[in-house]
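Read from first to last, the chains carry the letters A, B, C and D; within each, the first residue is number 1.
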Amino acid sequence: MNASYGIKSWLLTKDHKRIGLLYLATITLFFFLGGAFATLIRIELLTPQGDLVSSETYNKLFTMHGVVMIFFFLIPSIPATLGNFFLPMMIGARDLAFPKLNLLSWYLLVIGGLFALFAMLAGGVDTGWTFYTPYSTSYSNTWVIATAIGIFVAGFSSILTGLNFIITVHTMRAPGMTWFRMPLFVWAHYATSLIQVLGTPVLAVTIVLVFCERYFHIGIFDPALGGDPVLFQHLFWFYSHPAVYIMILPAMGVISELVSTFARKPVFGYGFVAFSSLAIAVLGFLVWGHHLFVSTQSVYAGLIFSFLSYFVAIPSAIKVFNWTATLYKGSISYATPMLYAFGFIGLFTIGGLTGLFVASLGIDVHVTDTYFVIAHFHYIMVGGAIMAYLGGMHYWWPKMTGRMYPEGWAKLSALVIFLGFNLTFFPQFILGYLGMPRRYHVYPPEFQVLHVLSTAGASVLAVGYVIPMVYFVWSLRYGAIAPANPWGASGLEWKTASPPPKHNFEETPIVTHGAYDYSHVIGEEVEVG
Amino acid sequence: MTGHVDSVKTYALVFAALICLTILTTGVAFIDLGPFSVVVALVIAVCKMLLVALFFMHVRYSTKLTKLVVSGGLLWLGILVLFTLADVVSRGWVGVPGR
Amino acid sequence: MANHAQAETLALREQFDTAEQQKDASTLGMWIFLITEVMFFGGMFLAYTVYRSKYPVTFAVASTSLNVYIGAFNTVVLLCSSFTMVLAVRAAQLGKRRAIVLFLILTLILGFMFLGIKAFEWNEKFQEHHIPGMANFHLEGVPIEQQGQAQLFFSLYFAMTGLHALHMVIGAGIVSCLAWWAHKGKYTAEYMTPVDVGGLYWHFVDIIWIFLFPLLYLIDRHLGKWVS
Amino acid sequence: MAPQVDHLLYYLLAVATFFTLLIFVAIFYFAIRYRRRSEKELPHAVHTGMALEIVWSVIPFGLTMIMFTWGADLYFRGSRPPDNALQIYVVGKQWMWKLQHMEGRREINELHVPLGRPVKLTMTSEDVIHSFFVPDFRMKQDVVPGRYSTLWFQPTKAGKYHLFCAEYCGTNHSRMIGWIYVMEPQDYQTWVSGGSGGGSLADAGGKLFESLACANCHHPDGSGRCPTLVGLFGRNVLLSTGHVVKADEAYIRESILQPNAKVVAGYQPIMPTFQGLVTEEGVVQLIEYVRSLNPKPVGAEGSGQMPALTPGVVPGSQRPRVGTAGPAPKER
């Protein structure tokens, strides 16, 4: 992997591991950019009057926070970094099926990101990340088109990554690596890729239509010409609801790996967990209308969408129960990745259960577009996806870099993040039910106490995110040298050196047993990191 | 390696069928069929699509996986269209605007 | 045979073990890509369906203003290009180098013919003031307050035929490259996946037009006549 | 409605708390009980129990189906305003709420309603999408340009309640707020009959009807080139296409702005559009004028009481009608 050096060898690399690291650098940048926007939002909301920034600026802040976090951090986060790095290794392949396409995907994300950054530097965009028409097409005076192009281009990055993963899983598995011997991480990424491939093009065409409407003033969704703004919402959410699963499914894949490794037991109900990923991917496409319950969508359509939404609860519940059951009679280690996994299961449970609230028509009429929904999806996206991402980062950091991170600091930051997160977002559930609408720059004074609590939590959370950033960078130079398999894990990626050689394995591995068979690992020498 | 090679005659027949269907659908458009004009036009279009996909794109001799991918794609398009139409068509059934 | 084996190794990329694996990956990759294209065009087909069901009469009048004969002729041109394309793929399967080049060039010519006719049609729209978003937009036979709905039809018409034409241009680029490499003798009966995969793309673009033609030009012509 | 929504919330909270505690306790217990005691430790694999998987899929699913049915029931009831509801028109624009009472009183960002009586809001927007949100009533409905949407509630306690815009609508979205005042019925009567005294909505509509010269074609006795409007409101109308629509607010609005979209059977599409000539508020006044042309049902009295929607035969009307067809599909 470190065969050659120099910027050119990185920018023209076709090695999936290096591309994964390029993604890692890119999305880390975007994460802290989005985090900076979030910080400003939380500081602004300390007081009800809106005295830090103007309303225009505030609206731009939450829009850019959403755009950056969703399209440039969460969507590529786990698949494009950890997935890129480990999916081929886990199935015993030398690389993805289309290495050049993989590099192209990274460039597309960067180009899309540059468009978005340009829009931000030029003055920002204020439509909300949802770009609802006719506000986005006819009324906003901000940089909608540049942002839209950025998202369009980044969308193709996502499509091509998904395509690459699907083909890789189908055609590149090592001898003996049957479908039901694949790690659940791979299953989860396969399901994610299906969503990326089937959903993202619809977002792309929606953006094209919004672009045409705004630039050429032709009215596809313009009510003045007889267009239907709710049609935009259908097209938008056809992608953007499944997009939530693009973010959370890979996280679930990571958690399956962590729970198994640190309980040193196969995941309970492997088949159920594997198929629940596919079920979530499929069902995720049938429920988008639950974002439209008060949009003037038909009552009957609302009924169907609400009903189907509850079906997503089943595979999600199956996963949570099976992870918990995996702990039963295990050998549970308290290594940092496992702490993140515990955090994930707890927070995802709360996020998932509050999802039942918003799927219920009667409750959703009240809580939609309030802080309740904000809290709900942050429990899934931050409490779920980011916890899993950090857990995965700690788990695979030794493999990616060949260095160990400092365990004490890592445990501390995991705790700080868990506490800070709950303090930030739990009050928002209450705020929402009390009626605090989202995207409000100024708000009635009775909501201030809860907002202050939330901001206090956000500061704790921010500290929690900076600590790993510091010690990860520190460990690159000063961390202990990592052995090949510091955790006693069973995946193929641990059967090669840390960091892995250019073609991953000295010779193509031949798989003879299912994933999570620890008798082969522990029977040999257990190395302790 | 080369897979199944169809004869030129097969391709020519398929091509002739496609041309005939094009002429047919154009001709039928000039006859007033009322609401069935949509049905006829779309049925002919689907036939043409099947001819192109099965013969020109070799789906007929492809693996099960390819067939699954093709039908899956069409199914997803169906989901997008049908669920949205479910809303558009049933708006106003309650008799109260916007509900 | 040695020659073939050499060609095979040359064409085999390092991440694959066998040529078979590489061919499967490429073919499946193109199919998955085509599915994304189905969903991409699907969004516009959906918008078209919704608006057509909302404004059937205006859409019928607008549809009647398009020239059916040109549309039908263009459909035939595109079908011919698909026919020559499939013959090119067949020639590649049989390893006939000159035939591949010949059929690919024929495909290219037919493709450009389609685009030329399309450009002629668009130009007509400009002269007839059927360009949505322009101040002078006017469609005869539609009352003033429904001109907006007529604009919707033409917005979708241009979006759909425009993106289709863009795909044709990309397809023409692919076919040109294939023809050049075929001329250089890069493809043999053992290694012809790029031609096969390029053919899939070309046929897919043809299928999109197979649906665009009836939807835009043909359906409900009588409803339109009856009103105007 | 609010207490019923809260009851559903309590059920949801109970289910959520139970499962959250279940998972938290299980994780803590297992994590401590089965902590790793030696690095060489190798626990035995526990095999999947099919029965267990089915149990923990089916039981939560059953609980969610209760949530679904309960929530759907509330939603359906919330979507059908009772016939005797007090009619109020709402127009949202960047960044204010404009409200009009039947008696002609207009308000901005304030809404006065009587206690104990169902109130039906018919809402539209002049620009972007807004959303009418009253947290204390647990009610919210998007307000969409180009169409009417409906929201209804029945205040049960006098007082002052927040009104928010809940759909992001631009710069001053967070200042598009106001208050709803629930008043004792007699206070409301005094309040609504006071004010500017510009006459009722229907009166204003009548004046507009005259100034736009609508009466040149729409004769009360149906002798004009256009159908009479007497007794139209709330009835089912046969169109030239053979379809039947109910003449509600949305239909009348469309017929003013898009007269050729739904032409009454037996008439020519000769009416010009009034798009750009009439504001959304003007449209509302015209609708109320048309409604006021309906004969008052027996038992209706008082200015606060508006005529109920009574389909039926109206003497003097020569318009074709279909009396028995149910609510027919409409475009919007």
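Everything below uses one rule, namely that contacts are C-beta pairs under 8 Å (C-beta built on N, C-alpha and C of every residue); 3 or more make two chains touch, one makes a residue touch a chain.
Values in this document were obtained by computation on a predicted structure and should not be read as measured data.
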Taking each chain's centre as the average of its Cα atoms, which is closest to the average over all protein Cα atoms shown? A
Per the definition at the top, count C-beta pairs in contact and tell me whether C-D or A-B has more. A-B
Could you work out how far the Cα centre of chain C sits from that of chain D, in whole Å? 45
Averaged-CA centre spacing for the pair chain D and chain B, given as whole angstrom: 40
Just how far, in Å, is the C-alpha centre of chain D from the one of chain A? 37
Counting only residues that touch at least 2 other chains, which ones in chain A make the list? 170, 198, 202, 224, 226, 228, 230-231, 234-235, 296, 299
In chain C, the residues touching two or more other chains are 28, 32, 35, 38-39, 42-43, 46, 50, 54, 146
At least two partner chains per residue is the criterion; list those residues in chain D. 79, 141-142, 144, 147, 149, 258, 331
What residues of chain D sit close enough to touch chain A in their complex? 4-5, 8-9, 12, 15-16, 19-20, 23-24, 26-27, 30-31, 34-37, 39-46, 48, 52-53, 56-57, 60-61, 64-65, 67-68, 70-76, 78-79, 94, 127-129, 131, 133, 135-136, 138-142, 144-147, 149, 162, 164-175, 177, 258
In the complex formed with chain B, which residues of chain A make contact? 170, 198, 202, 228, 230-231, 234-235, 238, 285-286, 288-289, 292, 296-301, 304-305
If you look only at chain D, which of its residues touch chain C in the complex? 257-261, 269, 272-273, 275, 331
Over in the complex, which chain A residues touch chain D? Could you list them? 50, 55-56, 59, 126-128, 130, 132, 134-135, 138-140, 223-224, 226, 229-230, 263-266, 268-272, 293-296, 299, 302-303, 306-307, 310, 313-314, 317-318, 320-322, 324-325, 327-334, 342, 345-346, 349-350, 353-354, 356-357, 359-366, 368-370, 433-435, 437-444, 488, 518-519, 522-523, 526, 528
Flag every residue of chain A that touches chain C in the complex, lowest number first. 93-99, 159, 163, 166-167, 170-172, 197-202, 204-206, 208-209, 212-213, 216-220, 222, 224-228, 231, 234-235, 508
